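Same chain, two partners: chain A is paired with chain B first, then with chain C.
Here is the complex of A and B:
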């Protein structure tokens, strides 16, 4: 028997991440839509809702500064959905079985899959920031804060990607992943993304937004743009992202073990 | 380590949720270098058997070794020894043929320098060199199958599993694939376990055929031995006067049961006691004053074998409800 050297984990991760990135780049709809749509929404909101800044207690005089956090969240949602659907396609089409026939490790598959999400996270975060600044958004925390903002956006994007990966592995169909799309958007709308929490008049809405983890992710990004260095907001945003990454990564690993039923 | 038996299966059972027993206690052995054809209609349990043997599904009961390793315990060793092309072509539509080979080669642990060379060599062999840099989504069905086969062969497996490799292919692609599979067994000594619902495929390619129906092997042997076992040729004839069809049917009735003819407009009867009856048939037709335009004696086919063993024809057998199948013992007797 020919002794086949098992390829090292980094090689496997590199190959699978390379494939994930290629797959994204070769489906323009996956690259352009998630990046363009949030920017268009930002432009529409900024021109239409600028009057909101005159409300007493509104944290900034520029709605663009306030709303800049939203595209980062929307981009993360799109990336999670697309990544999850790609993975579901692998499962449905049998490509995962083909991979399972190789000595590939499950960890490499997850890392490779999430490598694609990381790529999307970096590209879109940098782009949103550049566009925002180009249109006059001021980053109160300065250049260092901008770097932290990109890092936070990537962490959030990664957390959502872990969730999308988990759903894909658990359900195994693109339809199931698609089914979470409305839920994601409800989560975003019922957060402080579009309105500061302390200005929300409806009690139930304020309560939901307070318990909605998405609020704290948004507020983490927002704090860097309009407040400066708000350590509490940053710890909350990074902490929640890390928590979500850890939880959904663990769940994904378990779902993958069930999915890769190879003996 | 060399083993005489590449595949050894004893009492294999696989149940699915809801009590569906897809594989119901099969025993089979495949020798090294042999091409084994696993023949049966849709839903007979072929693909499930392949998934168990390729470690993608654990068996419910029974034992199976592939390349000398237990499929339930030594999955990784089994996988290193086998190549698999499953029924549904498993490709990434966004990757080119060459990229598929690189990815698969890398995951198989083939060193980087060798990866490209071996991949290109296989692409050449399956006739995809010109299309190597096109996305697989642009490939025809036959090209996809060929790429799938090349991927299965990348790590030079000793045992190759092909699950319905030619389903949906045109005649040309089918013949090309047959040639390649035959060459692999002949020149490289690769053991091939091939499932198919095409009799012709099993007949042309396989050294030995196992016929599976409803999760059980109902017959096994070389195609020739299986056909000899049935040993009942069919006589098929066309009367000069089409109006005499009914009379021909009546004259032939004592010799055997009517079966669907191979050519439209003729009458076919499976002979109860073999080709020896031919003289009696001619006499009977003569006595009835029937003039015959054409008369042919057909040797039994694997379809006849399937019919004899299961009471159903392979074509459309999957659609026959459970109760419709006659008692197997009676048919066999």
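Here is the complex of A and C:
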């Protein structure tokens, strides 16, 4: 702990991020379930909603291509949940209090904690892409698009993780983080994740999906899979992710300061 | 007091406690209400366009189509949530005290089943009202809806027995996913979004032999006033009830051995 406290910022971040990653790897339930569940749902939805591709105006002939964006979002949600719960556990278990007694910087704590979520984001994004392509999904934007897709998925995952971190720091309990999980799911299901916005029949649902930022994140990923290079969709998706990262990082930093003062 | 009387008194006491806990603590009841309600809103609202696909044949409309699914899902997940409560009772030591006090421990499981059934009825009423508000078309008769309720209660009983078997064997709340995942997979490997003839690929192959397909088709038949696959549904549920009862009894024995 002493070595950690007196080391440079990158070393502190590296040590704490390494701890966060090791904690995920050592708990298979944290690694397997968040990765496996979205893939199961993708497989089920691809068969269950294949008939939708026969609708006039549906943007692709393969529902797998259309739905491939969904696991990336679900993976991001699980990363946020797990990252937030890990931090809450640190708070509840007194680890954060002990760290606060060292000269370690708050920035290192935040960045280190988010390192675990970033790791989950990278692993799950690459895996979803590989599984999708292995089962016949085509990436319309090519290899370059696939790389951008992974980058966007990581950015989205990071944005959600920042939100999870903020909730954990603010509330300080795993139950509070868990309590936000349904909200994440509501955001995903009330978006254009499962159906194109212009084909949604219910007006109220289309309005909600239009104002739901998750729709634009999904559509950014989806554009790379089924459209090619749709710059507007990409700018919206990256822009919203960046905005969410900036906002929730700032809120997290503030919540951390408040928590450390209390300590 | 006769053996039957002792079982009944234990069952009613456990049921009352479960119902009281559920209705006085929103944290217990809300997930079992909100999840089906949310799925109903999300599926019926967001996916209704799929009813325009060629060969989609269901005369009562997509909201009614999804209402039938949500009824079965709410009943099944109500049982799973009851399993969570049983696991929590074991984790916090209450179930052990209950087993020491109960003259007939089978009554404990029956009590949990009764509380799950009451919760299921409550959730179904809420979902039904939400359906009415959202303009759901009802073509089934009162008798059809009574049959739908019986089907849902039978699904709830099977699901509760399954989850109780897990909860009493593992006796920890961490067993939640073990209870939930098989139920989730069984339900979603059935024609959830479209009729069976429009389900594609390997899910279609599984759905043809999945008992949940019969439950969903029977439920949709009751909602649309054209009962279908009632016999096969009743037979499947009877068989599953027997198997789940044996499973729960094994769980109870396991908990008794653990002390």
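Please note the rule applied: the second predicted complex is superposed on the first by the 256 of 263 C-alpha atoms of A that agree within 3 Å, B and C clash if a C-alpha of one lies under 4 Å from a C-alpha of the other, contacts with A are read in each partner's own complex, and residues count from 1 in each chain.
Please note the rule applied: a contact is a pair of C-beta atoms (placed from the backbone, for glycine too) under 8 Å apart; a residue touches a chain by one contact, two chains touch by 3 or more.
Remember, it's a predicted structure, so these values are computed and weren't measured experimentally.
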For this session: Once the structures are superposed on A, label A:143 by its partner contacts, choosing first (chain B), second (chain C), both or neither.
Result: neither
Exercise. Thinking of the overlay built on chain A, is A:44 touched by chain B (first), by chain C (second), by both, or by neither?
Worked result: second
Exercise. Thinking of the overlay built on chain A, is A:209 touched by chain B (first), by chain C (second), by both, or by neither?
Worked result: second
For this session: Name the contact category of A:199: first (chain B only), second (chain C only), both, or neither.
Result: second
For this session: Examine A:186 and indicate which partner it touches, taking first as chain B and second as chain C; both and neither are also allowed.
Result: second
Exercise. Which of the residues in chain B come into contact with chain A in the complex?
Worked result: 1, 54-58, 67, 71-73, 75-76, 79-82, 84, 86, 88-92, 94-95, 99, 102-104, 106-111, 135, 151, 155-156, 158
Exercise. In the complex formed with chain A, which residues of chain C make contact?
Worked result: 31, 34-35, 38-39, 41-42, 44-50, 52-56, 177, 185, 188-189, 191-194, 198-204
Seminar exercise, completed: Touching chain C in the complex, chain A uses residues 29, 33, 40-41, 43-52, 54-55, 182, 185-186, 189-190, 194-195, 199-202, 204-205, 209
Exercise. If you look only at chain A, which of its residues touch chain B in the complex?
Worked result: 1-2, 4-7, 11-12, 15-16, 19, 22-23, 26-27, 90, 93-95, 97-104, 261-263
